[in-house]
Amino acid sequence: MRTFILILQCQDQKGIVARISDFIFRHQGNIITADQYSTNFEGGFFFMRVEFCVSDDVKKESLNVDFATLAKEFNAHWRIYDKTDNLRMGILVSQESHCLADILYLYNAGELKVKIPFVLSNCLKHEQLVKQYNLPFIFLPATKDDRRENEILERVKNETDFLVLARYMLVLSKDFLCAYSKDIINIHHGFLPSFKGPDPYGEALRKGVKIIGATAHFVNEELDEGPIITQEVECVSHKDSRDDLVRKGRNLENKALANALFKYLDYRVIRHENKTIVF
Amino acid sequence: MRTFILILQCQDQKGIVARISDFIFRHQGNIITADQYSTNFEGGFFFMRVEFCVSDDVKKESLNVDFATLAKEFNAHWRIYDKTDNLRMGILVSQESHCLADILYLYNAGELKVKIPFVLSNCLKHEQLVKQYNLPFIFLPATKDDRRENEILERVKNETDFLVLARYMLVLSKDFLCAYSKDIINIHHGFLPSFKGPDPYGEALRKGVKIIGATAHFVNEELDEGPIITQEVECVSHKDSRDDLVRKGRNLENKALANALFKYLDYRVIRHENKTIVF
Amino acid sequence: MRTFILILQCQDQKGIVARISDFIFRHQGNIITADQYSTNFEGGFFFMRVEFCVSDDVKKESLNVDFATLAKEFNAHWRIYDKTDNLRMGILVSQESHCLADILYLYNAGELKVKIPFVLSNCLKHEQLVKQYNLPFIFLPATKDDRRENEILERVKNETDFLVLARYMLVLSKDFLCAYSKDIINIHHGFLPSFKGPDPYGEALRKGVKIIGATAHFVNEELDEGPIITQEVECVSHKDSRDDLVRKGRNLENKALANALFKYLDYRVIRHENKTIVF
Amino acid sequence: MRTFILILQCQDQKGIVARISDFIFRHQGNIITADQYSTNFEGGFFFMRVEFCVSDDVKKESLNVDFATLAKEFNAHWRIYDKTDNLRMGILVSQESHCLADILYLYNAGELKVKIPFVLSNCLKHEQLVKQYNLPFIFLPATKDDRRENEILERVKNETDFLVLARYMLVLSKDFLCAYSKDIINIHHGFLPSFKGPDPYGEALRKGVKIIGATAHFVNEELDEGPIITQEVECVSHKDSRDDLVRKGRNLENKALANALFKYLDYRVIRHENKTIVF
C-alpha cells in the first residue's frame, strides 16, 4: 500500500467532502485521517487535508490527472504528496547554533523526514557540527552591507523545496523572496507580534513581562510579520537576567521551530492570507 | 437551516467517510465541520463527528430512519443530535462550592448550552447560590453511612440526560451506576492516575511534586479510574502550603470541568473502552 | 504573637540584611519568611520583604519609630504592615461581569483578605450580583463622553486604599490618577505589550496568533503601559472563533487578576520604575 | 571580589538570619542574593542559601573555620562553596542519546558550569558524540544480568562529585548507592508519582491521559521514588501515537533535566527528607 496526502483549499461549497471521499473510494483507497476547516466568518473558505492509502498499483501521476478534473469544478488550489517523498530543506544560520544543533539531531535520529542538501552560514564555526552529520557546509561570509543574496539564491533555488532560517540574522530582501518564491520558515526569538526586530529579549527585560515566547512563522515581505505557525512561551520573573531570558529562550526557539517543521513536513500547514491553518 | 451533529463509531473499513458525506450531500446538506480518527494500532476502530446543516424541511426523525440503513452496513454505533436541543444536566455537590459557582455563572452567561433541572446537595448552604439563578435546589442530607442513592436515583433517572459531580464526595455504588446507566462526569482534584482518593492535595504535598493537576473524567465502577476527558496542571514549589495547593487547585478544577462540559455539550467527547476521543 | 510585614527598597549597600535582621532579632522577633532582590545590572537597587512575628506587646507604632532611624541611614523607602489589617479595595466594572463575579466569590470564601467598601459600575445589571454578597453597589452611568471622574474620585479618594478595574472600559484621565495617587490595578484582556486597546481578541484573531493572554498591571498615564504584575496564556488554533477567544480569555483574565490580587494583598508586589518585583 | 555560596539547614530558631547576615557583614561581605524557607507546618525546619561576595583576601578555609563556630550554635548542617569551583559530573547513559546530546551541547556552550570527567555507557554508539566534545568515553557493556557496578563504582567514586543518569536504564543497587554516597540525579520519562518503571509512555497511552510529563529527581533506594527536583508537562490527545509521546517526551526530558542541573550546579537544590527545596 502507498500513502498519499491531499491538500486542498477553495471557496466553501456543498458536497466537497462527499466528492473527495468518493474520489478516494473509487480508487479503492482508504482514508487514514482527514481534517477540514471552513471559515464561515470570513467569506467562506474551505481547507482540507486527507491522508489516504491506496494499492501500490495506483500511481501519483494518474491520481493527479484524475483529481485535476474534480478540482477544476471546485476551482480549488490543491496538491497531492507521496508520503515517502521527503522535501529538500536548506538551512541558513548565523551566529547562534542551538536551533541548528537541534534540527540536525532530530534529522539524524530520523525524527525529521527531510533531506538536507546543505547548511549555509556566514559563520565558519558551524562547519564542524555540520560535518559531524556528513552534510555539506557552505561558508558564505555575508554581512549586513553585503548580503550576497545572488550567491545564496544560486544555491537554494534549485536544490531546495523550502528554507529554514535557523537564527539567520540578515533580513532577506523582497527581490530574494520573489526570486526564490517557495516557503521560508523563520524562528523569531520573541512572542510576535510583540518584540519584533533584533533584540526581543532586551525589550522583554525592559518591559518587565512575566512571560516570554518564541515564534516560528513564514517569512513574507514585512519583517517578522509573516503567518505564524507555532508559538511557545515560558514564565519569567524579575530575577531573570538577560542571560536567563536567552537561556530559557533557546529552549522555546528549539521547540517552536521543531514543532513547526514536524507539522510542515507532514503537510499539515496551510497558508491562507496572513494566517495559517495547522491541522 | 438546521444544524445536526452525527456521532459514529465502528470497525474501520473502506469508504465510510465517502458514504457518510454522500449521505449528507444527498440530503442537500453542507458539512460545517468533520472530525475523524482511526485507531490503526488497536485493531482498527473508526470514530467520526460531523456537524452539518440542512434545510428546515429535513426532520431529525427522517434523518434517523435514513441513516439507520447506512449505519447497519457498517455495524456502527451512532447518534444524530439536533444542535439546538439542550441536554439536561443534573448537578450533585457536597461541601465545596467553587465548581458549582463556576458552572452556574457560565450557564447564566449563556456559555453552557444546557438545561439544569436541579442542583442536588447534602449541604444546605448552597441553597442561596442556587436560588440566585432561579434553579431548583434539592437538599438531601446523604452521608457516608446513608448515601440515599435510591432517592437520588428517583430524581435523576428521568429528569436528566447526564450528571455532573461538581465535587460530590460520596462514592456512587455500582448499583447506582447500573441503574442510572447514563454518563456521569466527575471532577477529581488531582492529576490522575496519581493521587486517587479523597486527599490528593495532601498527597501531592507529602510527595513534594512540582506540578499539581485536576482531572475531569467519566465515572465508572473503579474509583477515579474512568475515561479521562480533560486535565489541567499548574506549577507549585516547596513554598506552597496545603492552602496554596487548594487555592491553585480550585482554578484547575473549574477550568478542567468547564472545558470538559463545553466539549461534552458540543458532542465532541466519544468514550471508547477506558479512554476518550475528544474532537 | 503578631505578624508584621516590612517592605523596603533603597540603593544597594553593604550590611542592609544584617542590620534589618538584627533589628528584628533585637525586638525578639522571628523571621517567618524573607525575600530580597538586587538589581546589580541597573545601578544597584535593593528590595526586601520580611514577614516576621513578635510578641503581642510590640506595637506597630513603636516598630515604625524604631525602624525609621535605621531606614534613614539607608535612605530607604519602606513601610511596615500588620498582617491582620485588611486593605480597602474599591472595584470599578463596566459591562463584563466575570472578573467581578470571581473576585466576589473569592472574597466571600475568605480567600482574598480585603475589605470591599463598594462596587462602582456604569452598568446597573451588576447590582443583583453585588447585593448577594451584601456589599454596597454604586450605579454611576459614566460614558466615554462624560466619565464623571469627579464623582468617582469623591467616593474612592477616602474610602479605598487601592482600586481594581475589573474590566472597566473607560480610560481614567491623568488628572484622576494624579488626584487619587494610590495604586490602581487593571486587568487587560490581551498579552501585553501586544494588543493594547479595546479589542485585543479581535486583533489576536486577525493576526493569527497561536497563544492568547491576559495581563494584570498597575495603571499609569500611558494606556496599557503600566508595570505588569501577572500574565496568563493559553493556546488557540485556527479553529477558535472570536467567541472561543473571549471564552478562553475570561478564564485567563480571572486567573491573572486573582493572582495579582493575592500577591498584592500579601504585600508581595513592589513597583520599581516601569516594572514590578513580585516576591 | 570573590563570590561564595552558603547553604544551611537546621531547626528553626530565633535570630538565625540576623546572625548569618551579621557574620557576612563582619567579613566585609555583601549579600548578592539570599533565599530562605521555614517549614513551620512540619516541625520547624529552616533552610537558607546566601550568595555573597567578599574581598579577594578572604579565603574559603578561614570562612569555613569562622562559620563552623556559628553553625555549631544552631546545630546546623551547612556548606560553603566557591562560586568559581565547578563540580565534577559523571554521566551514565544507555540507549537513548537525546539527554546526553543536550547536556553536552549546553556544557560546550558554557551554560552548564561543570566539569565532565567522562561519559560512561553500555552502548558503544555514543562514542562518536562524546568524542566530538573531546570528552573521555567509557564503554562498559553492563546488562540487567551483569550490572558491573563494581567497575562503575571504581570509576565514579573518586572522579566525580555527583552523577547524572541521562536515561540510564539499569537500576542501581542499594549497595552501589551506599558505596557511592553522593548525589545521583535521574531523569524519568514520566510524570511521577504516576507511571514509575520502564514504560511510562506505554502506560500513559493505555491510560488515555491528556497530559504527559517528565521528572528529574534524586535517586534513592526506592525505584523512581526519590525527591523530585523539576517536572515538565505537555498536552497530548487521542491522536498521539506512542511515537508522538516519545517525541514530545524527549523535549520534556531535556528541559526537566537541564533545569534540574542548572539549579543543582548553582547550589539551589536542598534535599530534605523525601522532598526538595529549590531556591
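For reference, chains read A, B, C and D in written order, and residue numbers begin at 1 within each chain.
The criterion applied here is as follows: a contact is a pair of C-beta atoms (placed from the backbone, for glycine too) under 8 Å apart; a residue touches a chain by one contact, two chains touch by 3 or more.
In this text, all values refer to a predicted model and were calculated from it rather than measured experimentally.
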Path length in the contact graph (chain B to chain D, fewest steps): 1
A-B or B-C - the one linked by more C-beta pairs in contact: A-B
Whole-Å gap separating chain A and chain C, where each centre is the average of the chain's CA atoms: 41
Cα-centroid distance, chain A relative to chain B, in whole angstrom: 37
Where chain C touches two or more other chains at once, by residue number: 37
Touch-based graph of the chains, sorted into line, ring, star, complete or other: complete
In the complex with chain C, residue positions of chain A that touch it: 37, 41, 191-195, 206-211, 213, 227-231, 233, 237-239, 241-242, 274-278
Partner chain A, residues of chain B touching it in the complex: 12, 14-19, 21-22, 24-25, 28-38, 40, 235
Residue numbers on chain D that touch chain A, as the complex places them: 97-98, 101, 105, 109, 111, 128, 132, 247, 251, 254-255, 258, 262
